[in-house]
Amino acid sequence: MDAIGRERLTLATYEKPRPAADEALVRVGAVSLNHRDKMVIESGRGLSLAYPFTPGSDMAGTIVERGEQVQGFAEGDRVISVFTPDWIDGRRPGNARTPAYRTLGGFYPGVLSEYVAMPAAWLVHAPRTLDDAQASTLPCAGLTAWFALVERACVKAGDRVLIPGTGGVALFGLLIAKMSGAEVIVATQPEKGERALALGADHWVDRSRDDWREAVYALTDEEGVDHVLDVVGGENLGVSVQLAAVGGHVCQIGALAGFDIASPAMPLMLKDVTIHGIGTGSRRALERFVRAVDQARLEPVIEARYTFAELPQALDHLERRPFGKIVIDVPGD
Amino acid sequence: MDAIGRERLTLATYEKPRPAADEALVRVGAVSLNHRDKMVIESGRGLSLAYPFTPGSDMAGTIVERGEQVQGFAEGDRVISVFTPDWIDGRRPGNARTPAYRTLGGFYPGVLSEYVAMPAAWLVHAPRTLDDAQASTLPCAGLTAWFALVERACVKAGDRVLIPGTGGVALFGLLIAKMSGAEVIVATQPEKGERALALGADHWVDRSRDDWREAVYALTDEEGVDHVLDVVGGENLGVSVQLAAVGGHVCQIGALAGFDIASPAMPLMLKDVTIHGIGTGSRRALERFVRAVDQARLEPVIEARYTFAELPQALDHLERRPFGKIVIDVPGD
Amino acid sequence: MDAIGRERLTLATYEKPRPAADEALVRVGAVSLNHRDKMVIESGRGLSLAYPFTPGSDMAGTIVERGEQVQGFAEGDRVISVFTPDWIDGRRPGNARTPAYRTLGGFYPGVLSEYVAMPAAWLVHAPRTLDDAQASTLPCAGLTAWFALVERACVKAGDRVLIPGTGGVALFGLLIAKMSGAEVIVATQPEKGERALALGADHWVDRSRDDWREAVYALTDEEGVDHVLDVVGGENLGVSVQLAAVGGHVCQIGALAGFDIASPAMPLMLKDVTIHGIGTGSRRALERFVRAVDQARLEPVIEARYTFAELPQALDHLERRPFGKIVIDVPGD
Amino acid sequence: MDAIGRERLTLATYEKPRPAADEALVRVGAVSLNHRDKMVIESGRGLSLAYPFTPGSDMAGTIVERGEQVQGFAEGDRVISVFTPDWIDGRRPGNARTPAYRTLGGFYPGVLSEYVAMPAAWLVHAPRTLDDAQASTLPCAGLTAWFALVERACVKAGDRVLIPGTGGVALFGLLIAKMSGAEVIVATQPEKGERALALGADHWVDRSRDDWREAVYALTDEEGVDHVLDVVGGENLGVSVQLAAVGGHVCQIGALAGFDIASPAMPLMLKDVTIHGIGTGSRRALERFVRAVDQARLEPVIEARYTFAELPQALDHLERRPFGKIVIDVPGD
């Protein structure tokens, strides 16, 4: 936390803010962390932040007060935050030169706070089947996997889905593919493969072996996979394209392996492959995802929970490639 | 023509073949050349060819005889060949490891011949508004641009389309985008820009200038283009992604700049861009394209026509980046 | 005008309203009439209107003042109104029991006025290639045809489109289909058929003859039409389904022949036909349409223009099945 | 069985036919019955049948011999038949006037026989997780529900699906919707509602009550259902449209209530509803469905099994609105 430093970071609001006419005041119950939070805290990530700056984009909590114009929400309603609140439905904002990346805990103030006041339109009802810690993982990691597999690549029952990882987005991908009736292959390290099976994956292949691609060809009778949730990026995009079935979809989500992607052109062209650039999803997509979570009883995977005071340890944990999400429990009154 | 050599190449059939029961015998009128033909002739392109080998994939001609089981075609019907005859409609053949690239003049014998006998199902009725030379340009170059813009990327009226080139596929892209009501920007060398305007392009930008991307941003009020028909490939894919509008489509078609594509990941992800790998299209798609050609009176652009005997010169011409297609007129009886 | 009566109708604002912070004040230049306006004026159409009530939903004009929070519009900008302003993009509002039909000149106050103040978000930039009279025809009739053919049924070059009428929506359908590269058949009365050809239609058939359906089969070699813009409704839906091609689309738009539609089931099922219920479109769809209008130089068809004082005659004209739209010119200062 | 009569019906082949070069000879294990079979047997259903006529379209069995050109199948492979074998993928055959309804046991000879020889291309590998009786239910009833919900209406996790019946197609719809993560409401008679819940339905409503539609509104918080698998037809289409959510899909499948469908126009138009005419699906769709069946361990619902000799009783059973499918077990050697 060099770049921002504790003194410039506000992790808690000691006085309740008052909601404006179109705002709701939320008592935060839990905040889920993303790598992005760590980058923002440590380097500012190129953003022009206003100090004191509150980090964090993904929270679940309860509305305790609301402005007089707020519709669709009542006091006591459990809610989650929207990661990119300006993106309502359909086409997202922005233009060719300047993509719109106005997120909470970045362009907008964050949610790692006891109370947050924000426009009610930036909130979505929490799933009734999840507690605050679980629900807090949906706005970024969960929605990204949902939007990629369901709303962009249109996964359907019987499709084969390759998930090359076991982080937050990856495990949501596993669960979402399974609730859609798909067959899931997770490519990971050995110790995590068995855990993926326990979550419902049909197969795992050892990504530390040179021949892991052959294992995928073998598992699919050379047909390949209909979808790859590529959370790795970089040169791995080319691997995804090679493993894709004819007419297959590669969702480009991650940049773990670098901010430049590369692929051989011929399998992309001769197999009619489609690559979808994915950057979370819209408000309405989050509402649709919440309904699916409740319907299919999807249970987000949380690797560890920390207290508010343990934020530094929680951020450190993010570096150790957790199996699922890291959540901060926000203390009650 | 080192690798094959004239003695191993058959450019003409001196005896009419007899069509089998499901075949039609076609008197070839014209054959359109592709770079691929040159590669096959010069290097075999990795294919295991049967000698004597007849090159060429794209022909127009007239049915002069047909087998007894042939339906849907009569003697005297004008026809064109299908580039990848095994791909009927919907998903193309092949699997993840081995894409299906069974084309005429490659896996299958070619059409640079006075007569060809082939299954009638490998033929499509020629557009009634085009002569043989024009019609012969549709099966590969024309269909590729049609399938990319219309059947994969779903171009619609008012969309902005960037065409970074003026070869065969590129100029078909220009004409197809215009007949679909789109706005077309061609990125090319100065001497070709004015010719593109004459064909209906709305704008051209000078691709030899370092700031040509800025010119595209300026022409689109920073909105970018809804579609790029990327016939260049390689690192140019990244340029296409940067110039793409939010929600835009990049059709990856060409490998002029190399067989590996690369792009920055962030604009792909944050602008919800979709990349479509394109490798021609299906038989039914060719039928749909023919109907559109007749309806919109699309006129393919032919840079030069050669006689049968001038094949070497015609292949040389392909190297000089022609503006449109090169066609071989096949001599009549 | 029995139900409302002149005394309860306000056709002009004699004092300029002041725009609120998020509003723009528009000097109205022209208002285009729809049958719905006549119904609202004559019967209230079941709406609970506030009196004095201003009718009219579709206007073009110029912004003369704007609230301090308005972004994206400047004074002097030419604009058109959005017919259903709550529908932004993607899924429209409303639920299963109560469709959302909150239109200007109905649920919301109308625009048949010298000045209107409304949220700037309810406005879209007017096409730069159209004058106010022409531009005023886009928000309802134009957008309906656009949304149906382009955004729901995805018309493409070479498709066949049947337009059974020559009213406002029908003629927009004709022009939009043509600018998309489609082949258009208009089914109408003889005197209007030639006028349709002059606008670009490829064929017309005499809808007053019993055998007009046979004429459509004949024109399409029995293939049928890929799209029907069904502005008639009622039993005519069944005719549309019978004339539809395999995999064809019927856009159900009109209720001229009654508020109940009917069709034989077998051709619907055995031809994989899709019926799209159409009720105008969203704000973003109107923006996309405006861009296409400018790009393709689409010229709306206006049958007659009336002055503000001639509103009763203009409403009477609506009853006489005009060929295109009826527009009211709103007097300047 | 008046119209055809036993003497003109062949239910068994006493001599094994020899397969032609492109054919496979199948030892039939089970045949699933459809209402259509009863209509064909009793009335010929308007078809020009060749006698002796073998009825039945849906079989599962084992390949016992194959022609020399057959690829992709080996002796011993378990297979099912394709209901409309000419429809490969993409757009189905036929034209506007004459839909293509060339099915086995209708236009083509049927499968209610100990052995059938047919082109190998008319066969699809049976799911490895189902026995012959179960597998025989897929080609018509199963594929119809799959094609409707998955390939036309694109059901996704969290969607609400209304199934107004418990016959063969309806129960496949229930199972397919559930394996896709959807919420299912079955509208049926009381005694069948509980059985539907046991199969995984989330709710059932009593279709014999006048207020059953209100029950659906209540179960969905007035939102309505995203999909209706309308196996009833007739006036029920209007009910489906009224219960559909904004942007919802109605799959028109059945004609139990008559061969003419009707609906009020306004909810169709104002809720952006799409009606899909459904008539089974293609060969490739059947292959995709088989993969989904294996992956999700879908178990078809069989109400009763009969022997070959009990065909008359089995056909009578079809009249008694069975809960699921009726299957004929074909005797082994």
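Here the chain labels run A, B, C and D in written order, and each chain numbers its own residues starting at 1.
The rule is short, and it goes like this: contacts are C-beta pairs under 8 Å (C-beta built on N, C-alpha and C of every residue); 3 or more make two chains touch, one makes a residue touch a chain.
The UniProt protein names, listed by chain, are A, B, C, D = NAD(P)-dependent alcohol dehydrogenase.
Just so you know, these numbers come straight off a predicted model, no measurement behind them.
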Pair of chains joined by more contacts [C-beta pairs], C-D or A-D: C-D
Chain pair among B-C, A-B or B-D whose interface repeats that of A-C, sharing over half of the contact pairs by residue number: B-D
Whole-Å gap separating chain C and chain D, where each centre is the average of the chain's CA atoms: 41
Residue numbers of chain C (touch at least two other chains): 91
Residue numbers on chain A that touch chain D, as the complex places them: 150, 154, 156-158, 176, 179-183, 202, 288-289, 291-296
Chain B-touching residues of chain D, taken from the complex the two chains share: 88-91, 282, 284
Contacting residues of chain B [partner chain A, same complex]: 91-101, 152, 217, 220-225, 233-234, 238, 241-248, 252-253, 255, 258-279
